[in-house]
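What follows is a set of structures to go through.
Each of the two complexes below includes chain A, the first together with chain B, the second together with chain C.
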Partner chain A sequence: MTARTVLKNEWRLLMADRPLQIALGLFLVLLGYALTNGVVWLRFQERTVEATTSGNVERASALQQELEAIEAGGQPSSPFADPRSPRVLGGPSGSHTAVLAPGPLAALAIGQGDLLPYYYDVNIYTNEASFQQNGEVENPLNLMVGRFDLAFAVVYLLPLLVLALSFNVLSEEREQGTLALTLSQPVSARSVVTVKLAFRALVVAGIVLGVSLLGALATGGFGSPGRLLLWSVTVVAYSLFWFALAAWVNALGRSSAWNATVLVGAWLVLVVVLPAAINAAAGLLHPQPSRVEMVTAQREASNDAVNRRSELLARYLEDHPEMAEGVVADEPGLGALSWAATDAVNGRLEEVAAEHDARRAEQTALVRRYRFLSPALLAQEALLDAAGTGDARFAHFQSQVRAFAEQWRDFFVPAILADEQMNASVLPNVPRFGVADEGSTDVARRATVPLGVLGGLLALVSAAAGVGLGRVRGAD
Partner chain B sequence: MIHHIVRKEFADMIRDGRFRWSAILVGSLLLVSLAHGWVQARKASQEHAAAQATTREHWETQGEKNPHSAAHYGVYAFKPRLALSFVDEGVDPFTGTSVWLEAHRQNDFLLRPAQDATAAQRIGALTAAQVLQHLVPLLIILLTFGAFASERERGTLRQLLATGVGWRELALGKALGASGALALLLVPAAVAGAAALVVANPGPTASPLARGAVLAGAYLAYFVVFLALSLAVSARARSSRTALVFLLAVWVVNGLVAPRVAVDLSKRVYPTPSAFEFARTVEREMADGVEDIAPPDRDESTERLLAEYGVERVEDLPINAVGVYLQESEEFGNRIFDRNYGALWDAFRRQGILQETLAAAAPSIAVRTLSMGLAGTDVEQHRHFAEAAETYRRDLMRQMNGDMTENSLTGDFSYAAGAELWESVPPLEYEAPPLGWVLGNRILSLAVLGAWLAGAVLLASAQVRRAEVA
Partner chain C sequence: MTDSHESNTGPKPLLEARGLTKDYGDTRALDSLDLAIAPGEVYCLLGPNGAGKTTTINLFLGFVAPSAGQALVSGLDVSTHDRESKRRLAYIPEQVMLYRNLSGIENLEYFAALGGQGSLGRERLVEILVEAGLDGDAAGRRVSTYSKGMRQKVGIAIAIAKEADALLLDEPTSGLDPTASSEFSALVERLRNRGVAVLMATHDLFRAKDTGTRVGIMHYGRLVTELSTAEVGHADLERIYLEHVSDNGGPR
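Here is the complex of A and B:
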C-alpha cells in the first residue's frame, strides 16, 4: 500500500462524506464573506487616501493663486488670514495631510486599521497632543466586537475545521475494526496518519490560501511577494499545528468521542480562554498608564506659558484677530511672542508624552511576552504584520509624521520669529510628506519571533505525535 | 419523584471530574474578572473625578480675563465610570474618555484606551460579561448534552421510564439538577457582585441595584435558553456525540461568528463617513452654512441692535455688539454640529438596531446588548454623556457671551471678568439615565431574548415529548 493508494482512498472518502462537504462548503462561503468585507474596507480607505491627496493639492493651489494675486497688487481674501504670514501659510489653513496608504495585503486583515489613525493634518501647531487624535470614525460597538475578516477566520475558525477533519483520523479506523487490517500491510501507523493528514492539510491550506491569493490578486497584493509569503507560511504553520495536535491526541488510542472532547477543549483554551486570561493577567500585573493625566499636564503647561505673557490685549487679539478691526494687527513681535508660548507648551507635552510612552512601552513588552503561550496570538501577530495592519506599521507611520512635523516647523518658524512675510516662490519648497513604508525585510525580521515560536510549538507537538504513533499497533 | 431526579442529576454532576474542573475554571475566571473589573473601574473612576476637579480648579483660578478668552480656555469633561461597568466594560475602551469644551466648536471625545493597547489585547477581554456570555453557556452544554442521549445509549432511559416517571418530570428534573450545579458557581459570583455594589460602590449610577437585578435576570433568561436548547437537542439526537457536535456548532455561531458577521453587515447597510470627510463637511458648513442654516451676518446683526436700541452709532449701544454676534455664531455652529453629529449618532444607532435584530439568529447579541445597557457602557449611554457635556458647553458659552454683552461696550477689549463670574458657572454634574430610559432603548433586545426563551422552552418540551426511548 503506497501513499498514492491512501490519497486515492482519502479522495473517495471525501467525495462520499456529505456532512464534511457541507462543512467545507460553509467554510468557503465564510471565507468569501470575510474577503469581501476586507475588500470593502480597503476600498473605503483608498477613497479616503485619495480625498486627502486631492485635498492637499487643492489647498496648495488655492494658496498659490491667492499669493500670486496679492503679488499682482490684490488684497488677501481676509486681512486676518493673510497667506503671506508664515503663521497662516504654515498654520491650520495651509496644513498638509500626511497619510498612510493601506498595505498591499490590507484586504486580508482589517487588524488595527479601524482603530489607529492613518492620516494626520500637519501644521506648525502639530504637537504630541495631535497624536492623541482618534482613528477612523467608527461605531464603538463595531470596534468592540471586531470585524469578520480573513485573519479572524484563520485564527478562530480554521482550527475548528482542521479538528473536524482529523479528530478521528486513527480512532475511527480502530472503531470500525479496519486498523488491524491496514497495519497488517507493510505500513506504519505513523505513515498512514501522516499521509491522511497531509491530504486533509492540502485541502484546508488549498482553500484558505486560494481565497487569500484571490484577494491579493484582486487588490494588487502581488506587489509585495514577501508579505504574501509570510501570510502563507503563517497560515500553513498554524493549520499544521492543529493537525499535529489532532495526530497526537489520536495516538493516545482513545475513542473518537474522547478525542473530539479533548481537541475542542484544547481549541477553547488556546484560542478563546488563554488570550483573554493573558490580557486580564497583563492588565492586573502591568496596568496601562492612564492618558487622563496627560490632559491635566497639557493644561498646566499652557496655563504656565500663557501666564508668562501678560498683555491682555495681545492674548485677546490672538484668539480673535478678526475682532481687532485693524487696531494692532501688525504689532511687532506678536508672532514671536506667541510662538515662544506654543513652543514652551510643546516642550512640556513632549516630556509628559515621553514619560507616558516609556511606561507604555514597558507594559507592552511585558504583555507581549505572554503571547508565546497561545498559538492563536502568535498567528494573529504574524498575520497582521504580513497584512500591514498590525501595531508596528502604524507606529512606524507615526514616527515618520513626527519627523515630518519637525521638518514643517523648521521651514516656517524662522520666518515667524523674524516676522517675515512669505510669497508664492516658497511654495515649491514647502515640505511634502512621502511615507517610506517599511520594507519586506523589516516585516520578516519582526515576524521571525512569533513564527519561530509557532514553528517550535509545531515541532514539539509533531514530535510527540510521531513518538505516540510509533507505539500504535494494529491489534491493541 | 422529581426531587429524586434532581438530586441524582445534581450528585452526578458534582461528582463528575470533568464538570468539577471546568466549573472551577469558569467560576474562578468569573470571580477574577469581577475583581479585576472592579479594581479597574474604581481606579478609572477616581482618576476621572480627580481630573474633573482639577479642570474645575483651573477654570475658577484662571485669573482676570475677557469672558470670551475664558470661553476659548474652556473646561474638560471626563466621562464617569458608572457603578456597574465593572461587570461589563462594554464599548468604554473604544470611546474616548475626555472632551474639551471650548468656544465655537464641538470636539470629539479623545483618548480611547484601546488605542493605547495592542492588537492582541483586542481579541479577548476577560470581563465578567464575557465569561457569562460565552463560557457559562459552554458549561451548560457540557453538563447537559448527554442528558437524554447518554441515558439512551446506555439503555437506562427505558428503565427510568419504566418506573412510571413522565417525560416532563424527567426533563424538568434534569434541568433543575443542572441548574443546581450551575448555581454553585453563579450564586457566589452574583453575591460578590451585589456586595461590591453595596459595600464599595465603584462609581455613580441611577438605581444600581435595580439595574443589577435586571442584569441578573437577563443572564438567567439567557442561561435557560441554552439549558432548554441543550436538553431539546439531547432528547432528539441520535447519539450523544451528535448532540455535542451540534451544540458546539450552535455555540460557535452564537458567540463567535454571528456577532462579527452582524458588524460587517450593519456597516454595509448603514455606512458612516470617513473621519476626513466628516471633518471637512463640518468645516465647509461652518464656513458657508448649509440648506436653510445660514451663518450670521455681522452687519445685519449690528443694524438690528442699532434699531432695537434706537441709536445711530455702534459706540452708543449700551451693550457689546460683539458679544451678541459671538452668541449668534454659537447658535449657528450648534445647528451645524447637531446636524452632523446627529446624523452620525443615528447611523450608529441604526447599525446597532440591525445587529439587535440579528439576535434572532444568535441570542448572545441580545444578552450582550442588554448587559451593556444595564451596565451603562453601551453606545447610547456614551451618547447620553456626550450630549450632556455638549449641553453644558453651550450653556457655558451663552453665559460667557452674555456677560461680555452686558458688561462691556463694543470695541472695548480691556474688559476683564474675574473669579466671581467663573465661580457662578455651575460645575458639570452628570446624571446617568434611569433604568426606565435604558430599558426603553432596549425593547428590541428584551423582545428577542424573550422570544428565544419562550421558543427554547417550547422546543424542549416538544422534543422531549417526541423523544425516542432507544
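Here is the complex of A and C:
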C-alpha cells in the first residue's frame, strides 16, 4: 500500500514539475542524437564491409580471368604484375581483406570501433607493422569521448540525470517540511525514499532502455538477445549505483546544496578524474616505446634488406652475365632472394613489436586492475562488450587475422622459395578469411567480472544508504 | 488546580508519559515527565522556548529516542511499537508544510493513504477538507496558492481522515490570525468530542485556556505544575504561568 501510494504521489509530482519534465525531455533528445550518431556510424561500417567483401570477390575474379587468359596464350598486363608469380598472386594485387562485421549492437556503442581497425589487407607482406598502426593504448573513456553515442550518454550523462533527480530526495522533504508530516505516519524514511528512488529509476531506465531497444530494433540487435540483456542489466545496475549513492548522501542529513556538491564531486572523481588518473599512471609507470622506434626499425631493416638484395643480385648477375641484360624483377631465383630479405625485415619488426606488446600488456594490466575503482569504467567495459565494440572483440579478430596472415604466407612462400609459377587451378585453394566471432557465452563470461564488481559496489553503497536511512526519524 | 494527573479508575489514557527523559549531550531537555491524557481531553503544554514541549511531542512521535522512561500511545510503547503507535496518532506541526505543486485534495489523499486509510475517493476527500474548514473551491487548487491558515486546515483534514486516537499539536496556531485561530480551536473541540486525546504545545495562554481541559506548565524540561482550565480564569493562568517560568530553577 505504501509503495503504491508513494508511487502515485511521485507520478503526480513529476507531472506537476515542469523543469524536471524539461530535463527529462532534453535527456531524451540527447539520447536520440546519440543513437542517430551510432546508426550513421554503423551504416558507414556496413558500407565499408560490403565494399571490402565485393572487392575481394572482384580481385579474385580478375586474377582468375587473367591467369586463364595467360594459360590460353595471352600476355600478362604488366611484366611486374604477372599473376603466375606467387609474389604477385600472394602480394598486394592478389591480397585478401579480412573483415570484422559490426557488432550486433554497434549502433548503441561505437566505442573503439572508430579507432581499432575492423579490416586488414592480408598478403605475403603483412607483418607486425601492419598490426601496430592502430594499436593506440588509451583510456577507454577518453577513446569514447570521440563520438557521442548511447554508451557515452549512459556512462557520462546518465549519472548527472540520476543525481539531478535524486540529490534532494530526502533533504528537500526535510527542507520543505513534508518529512515530519510523512514520518508521523506509520512509514519509515527508508521505505519512502526507496520507493521514491525506485520510481525515478524506473523513469530513467525506461527512457534509456526504451531508446536502446528502439536502436536495437532498427539495426537488427534483437538477433542477439543475450547481448541486449547484458546491455540492459548494465544500464540498470549503473543507474542504481548512482541512485544508491544519492540515497546514502541524503541519509547523512545535510542540506540539498551540500548533497549536490558532494554528488557532483563524486561524479567528477569517479567518471572523469579516476579513469584519467589510472590512464596517466599506466603511461607513467609503463611508458610505451616511441612509435618512431618501430618506424625506424622498419626503415633500417628495409634498407638493409634492399642493400642485401642488391648485393645478392649483383652476385647473381656476376655468376650469370648472360642475364645482365633485360633482367626482370620476377626472374626465377630473385623471388627467393627477395623473400629472404622480406623475412629479415619481418624478423626485426617482430622484435620491436614484442617490446611494444609487452609494454602495452603492462599498461592494460594496470588499467584493468584499477578499473574496479571507477563504476564508470566497469559500466563502459560491459556496455562495449555487449555492443561488440570493446577491445576484446577487436583483439579476438586481430589474433584471427594474424593466424590468417600466417596461413596465407604458408600457402605462397613455398612456391616463392621454389621459384614456382602458379596457375588458375590453385585459386580455389587460396586461403579465404572467415571470422569466428565470439559467442554470447564468451561475452557473458567476460562481463561477469565488471558486472559482478559493479553489483558489489551497488550492494555496498545500498547497504550504507539503508543503514543511514534507517536512522532517519524525522526531527533531525 | 490539581497535582495528580493519573487516575486508576478513569478511562485508559491514550497518551501517557512515564518518567520520560531526554538528554542531548549534557543538556537535559526533558526531565522525568509523567503525564496521562484520557480520551476527550485536551492537554496544553505551556512554557517558554526550550522548556521541552516540542521534545515531548517528538518523543511521542518517535522522532527522537528517550534517554529514559516511556512514551505510550494507546498503551503501546513508542520505542518498541513505532508503526502501531503512529497508526493511532495524528500530528499537526507549527507549520503544516505540504507538496506545493499538488492540490489540497492530492496532499490529503497522499497523507491519508500513508496513514493507512487507503483510497478515500475524491468526494470523501473534499468532504473532509470542507469539514476541516477549507473552502470547497480551494480544495482542488495547488497548495502553493494557500495561506498558512489554509495549510493548517489541510493538516486538520489529514488528522480527521486518519481517525486517530490521539492528536499531537505543536504550536498549531502560531502565526494564525484570530479568526483562523478560533476556527482551529473549534476543530480541535470537535475532535475532542469524538473522544480524541489531544496534546498541544503552545505559547498562547488564551488558546490554552480556551481549548484545553488541562494545562501543564513546563520549565527547563520539567513539568512544574498542572491545572484544570475549568478551575482558573485567563488572568489566573497568566499569573501562575509567570510565577513558574521566572528564571529561578535553571537546568540541571
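The definition used in the following text is that the second predicted complex is superposed on the first by the 428 of 476 C-alpha atoms of A that agree within 3 Å, B and C clash if a C-alpha of one lies under 4 Å from a C-alpha of the other, contacts with A are read in each partner's own complex, and residues count from 1 in each chain.
Keep this in mind: a residue touches a chain if its C-beta (ideal position, glycine included) is under 8 Å from a C-beta of that chain, and two chains touch if they have at least 3 such contacts.
What you are looking at is a predicted structure, and each value in this text was computed from that prediction instead of being measured.
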First, second, both or neither for A:Leu181, with chain B first and chain C second: second
Chain C versus chain B, contacts on chain A by residue: B
Touching partner for A:Thr5 - first (chain B), second (chain C), both, neither: second
First, second, both or neither for A:Arg254, with chain B first and chain C second: neither
Partner chain in contact with A:Phe148 - chain B first, chain C second, else both or neither: first
Touched partner set for A:Arg59, first chain B, second chain C, both or neither: neither
Partner chain(s) touched by A:His286 [first = chain B, second = chain C, both, neither]: neither
Common interface positions of chain A, toward chain B and toward chain C: none
Complex interface listing, chain A residues touching chain B: 30, 33, 37, 40, 44, 47-48, 51-52, 55, 97, 111-112, 115-117, 119, 132-148, 152, 155-157, 160, 256-257, 260-261, 264, 268, 272-273, 275-280, 282-284, 287-288, 290-296, 299-300, 303, 307, 312-313, 315-317, 319-320, 323-325, 327, 360, 364, 367-368, 371, 376-377, 380-381, 384, 390-391
In the complex, chain B residues that touch chain A: 25, 29, 32-33, 36, 39-40, 43-44, 47-48, 51, 54-55, 58, 62-63, 65-66, 68-69, 72, 76, 78, 90-91, 93-98, 108-126, 130, 134-135, 138, 240-241, 244-245, 248, 252, 256-257, 259-264, 266-268, 272-278, 280, 322, 344, 347-348, 351-352, 355, 378-379, 382, 411, 413-414, 416
Chain A to chain C touching residues, read off their complex: 1-2, 5-6, 8-9, 12-13, 16-17, 176-178, 180-188, 473-475
Contact set on chain C toward chain A in their complex: 58, 61-65, 82-84, 86-87, 89-91, 93, 95-102, 106, 110-111, 113-116, 118, 142, 155, 158, 168
